[in-house]
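Note sheet for the following structure.
Chain lettering (A, B, C and D) follows the sequence in which the chains are written, and residue indices restart at 1 in each chain.
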Amino acid sequence: MSERRPRYRLTFACPDRVGIVAAVSGFLAEHGGSITEASQHCDAASGWFFMRCEIDAATLPFDGDGLRQRFAPVAEAHGMRWQVIDNITPRRVVPLVSRQDHCLTDLLYRWRSGELLAEIPCVLSNHEDLRAYVEWHGIPYHHVPVDPDHKAAAFARITELIDQARADTVVLARYMQILPPEVCARYPGRIINIHHSFLPSFVGARPYHRAFERGVKLIGATCHYVTDQLDEGPIIEQDVVRVHHDDTVDDLIRLGRDVERTVLARGLRYHLEDRVLIHGNKTIVFD
Amino acid sequence: MSERRPRYRLTFACPDRVGIVAAVSGFLAEHGGSITEASQHCDAASGWFFMRCEIDAATLPFDGDGLRQRFAPVAEAHGMRWQVIDNITPRRVVPLVSRQDHCLTDLLYRWRSGELLAEIPCVLSNHEDLRAYVEWHGIPYHHVPVDPDHKAAAFARITELIDQARADTVVLARYMQILPPEVCARYPGRIINIHHSFLPSFVGARPYHRAFERGVKLIGATCHYVTDQLDEGPIIEQDVVRVHHDDTVDDLIRLGRDVERTVLARGLRYHLEDRVLIHGNKTIVFD
Amino acid sequence: MSERRPRYRLTFACPDRVGIVAAVSGFLAEHGGSITEASQHCDAASGWFFMRCEIDAATLPFDGDGLRQRFAPVAEAHGMRWQVIDNITPRRVVPLVSRQDHCLTDLLYRWRSGELLAEIPCVLSNHEDLRAYVEWHGIPYHHVPVDPDHKAAAFARITELIDQARADTVVLARYMQILPPEVCARYPGRIINIHHSFLPSFVGARPYHRAFERGVKLIGATCHYVTDQLDEGPIIEQDVVRVHHDDTVDDLIRLGRDVERTVLARGLRYHLEDRVLIHGNKTIVFD
Amino acid sequence: MSERRPRYRLTFACPDRVGIVAAVSGFLAEHGGSITEASQHCDAASGWFFMRCEIDAATLPFDGDGLRQRFAPVAEAHGMRWQVIDNITPRRVVPLVSRQDHCLTDLLYRWRSGELLAEIPCVLSNHEDLRAYVEWHGIPYHHVPVDPDHKAAAFARITELIDQARADTVVLARYMQILPPEVCARYPGRIINIHHSFLPSFVGARPYHRAFERGVKLIGATCHYVTDQLDEGPIIEQDVVRVHHDDTVDDLIRLGRDVERTVLARGLRYHLEDRVLIHGNKTIVFD
């Protein structure tokens, strides 16, 4: 892993009009800021404009807060939803898991290898199964059983743990529980799920069984933001893999695991690099 | 195109039990028949067995009818649904089209180049648009308008033309009409459709518009046999292509055209080479 | 095909320094120009900066020449190689072919359907085979035999025809002759070839045979600009398809045809939409 | 992981002639053996025939040795190279690694989850880096430094450890040392390497750097059997991933890691399920 060069990531969304890029790039140039990467998108139907750019931090005469302070008037003038985030401070990511470990193993590998710019303050689970593996990494593991008769208490505890961990992002890494609406609403655009089908096919439970029964020739996985509509949130990333008539449901599950972890890793990476902007129920992904 | 070596394709389905392959391969060996390709599949849930093999015609001391006559007792003893087809006699394929020509252009190219072992006795359409291109190929073009108030008459005429053409296979190459149930029932396992979505996502009309609205990251196409359940027939082949947030509906339609024609070409090829066996609402594809 | 909204495409390359985007977007904003799409790239190793943007023509108070005239000082101040091209004037594309028609058929289909923003003033070939198909499209066909003993004369004639056709772009659509260095040099960055392998594997002749002998599990195609180094020019696009142990060389050739035409179509589209900038022996593709 | 039903895997290669399948399937039917899966291939150029079949062990009245004993005369009569292996006894797989852990992490995950039917008696490395992770899994870790001046001693020790471990298969999971010819020769068809390029492109060192310099649009990985010809052994599996002009060498290395581990996992799975038959410098893969 080569040393990471400090950068600021500026992202914003605002009503489209002439001069936005000029205003932003003019502001940066005025202060000597060197843009190392930039992407724009204009949504013609809604008339909204979206932009993400990375600025070499060393070329600016102030720090992140200074940048925010000086950029605020530009943002206000254009009615922007915006943020400036550096690429040095690791995000705080809390995975929720059940018994299956393929997505978690993959996340921990990428974290361990420095590929994922994130800290993992803890892992939450409704089972004990993955404790030893998580703790070997030096990461605290909290077991919060979800008793069907006392779900509210369980999710209150989960919310408390997420908040204590000061999580930026919650990852449902094959967490087999449906989050109640109030938990979804508490972390808007901050809960990422991996669903084991190519949505909108096979919303809900047992998608591999239903894919098998329908006789599809490709199965897939979908990484999306969680909303209170089950499997209906904004899609970040999807992919598929080919299956054959001699593949059993078990084969589909096995092949699907590889797609799930890959799609989740890509989606989470986009999210952590601030490459994803949510627009209604869709995403702009500046990959 | 290299000269094609004459072969027989034997395909069958029967209840699974010990000794089927031995019976079939023993029968062939007894007559000196050289198997050049063979595939088997056992469906554990239903207890059915499926097989396809190709036999070098020159190694047998009789012709196709002789083979059928001698194989019949073996087939009967095992309760087979079966057929023997040679790879020399071209199938008779009738495409039905509307105004869009991307699938038809692709089929005609593959026919012209000898890649598709088929004759095209005629093309049927509810529009005049593609007449000149079809007729340049020396293929008759029949315009059968489908008046919403006189659909029965139109489909009676279409059925008549299909029958006159002695079609083995009907291809809905982006034909924008829904076939009535009696037409579907008349040609079971012989009508192939290309649907412009990754089924079971976006069954029905305007799938690209709905894919755009849902914000999926891949769009697809599905080649399937037509039944009287719209877009619910056995799937032969599917594929997808990646799309981005800056792709408009028009872009999706454009990108989709390439997937549609590719998926249709592969599905039709499998069908014409007798590689597809239908089992309930699924297919076994010995590719 | 929906009506195309007039746009200018500005592309440039220049030494990287702070303020380039500000200068360009400031210039455009000053004249009311609305940027509908923009992409940038900075090559860290060489210190060069590359940009492409599309401007809604209706938002500017002058035409393309007016834009060029006013932008010239900005370009000069930054040492840019640059051009402004509109998306309305069709490019003039001349395909060179031999006997195989899969790439040409695909190009003509895309041209016919309006998908390719191009005119095809003529097709050149060293064989007569494809004359009828080309002429059906109303496109002149010039047969220029390439006699091994009189190559210079043949290529002089080809050059003459290309020049008479005022071609912007020459496409070697499986043209089985090697262009002499002086022809390559005459049209720098304007001759596109489709090579039937995943370069740099299998440079030169008979790549499918060599892929078969090596036992690779994927075969591919490469679309690249032609230079006087055979199969060594800047790569625009590549793709692959899976092959199996039972695929013969003929199967590889057949499967390869589909990849070749797809890769050529994508590469040519990028080129015609001014999405490709050449940098040394590599390309920046703003797709 | 569902319980595995005991099966025998019979694989063989022999000169092609009429009656081989009949002889094998007749032999099995005679003893009541139920074939659950079968694949054949005839290599026309060499006149060799290859077959793999799985037989439900419970349907045979004898065990694996009984099967081998009774099948031997059939095999001899047809001049077969053959083997019968059950699907219950785990293979003994020894990974060799250096400092990079992505392939090893993936193998250990698949082993841990029961996806890989294998025991891992130990891991060998020329570095200490991965000891803790390996030992957490309860697997012995042997550090064998490879001093450039005493390579022979190091590889003698490695050979000794492989032999003590009674390894069926050696996996070079990004082992950054070239095995000497005598080690390659000692385990023919039993050493599997993952090479970080789409061979035959970029044979040898630093393939990602060379891919970057050439400007390819896809990078890949190749799983192959090791012979004494560097990167020239029979290819088992390959795959690729798309890269863009803004990907640095570090990005290529990162993206490549995912392809490497996937390709290695698929290749090793095929090998461990006896789906790979070597024929000259190519493989038949009955996937």
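Some notes on this structure:
Everything that follows uses one rule, which is that contacts are C-beta pairs under 8 Å (C-beta built on N, C-alpha and C of every residue); 3 or more make two chains touch, one makes a residue touch a chain.
Protein names from UniProt, one per chain: A, B, C, D = Formyltetrahydrofolate deformylase.
None of the values given here were measured: they were computed from a predicted structure.
Both subunit C and subunit D are touched by A, B. Ranked by how far their CA centres sit from the centre of subunit D, the chains are topped by C.
Taking A-B and A-C together, the chain pair joined by more C-beta contacts is A-B. Overlaying subunit A onto subunit D using CA atoms gives a rotation of 180 degrees, to the nearest 5.
Mean C-alpha positions place subunit A and subunit C at a centre distance of 37 Å. Taking each chain's centre as the mean of its C-alpha atoms, subunit A lies 42 Å from subunit B. Among the residues of subunit A, those touching two or more other chains are numbered 37, 246.
Contact residues on subunit C toward subunit A in their complex (touch as defined above): 18-19, 21-23, 25-26, 28-30, 32-40, 42, 59. Across the interface of their complex, subunit C is touched by residues 41, 44, 198-202, 214-218, 220, 234-240, 244-246, 248, 281-285 of subunit D. By the touch criterion given at the top, residues 2, 37, 101-102, 105, 109, 113, 115, 136, 246, 250, 254, 258, 262, 265 of subunit D touch subunit A in their complex.
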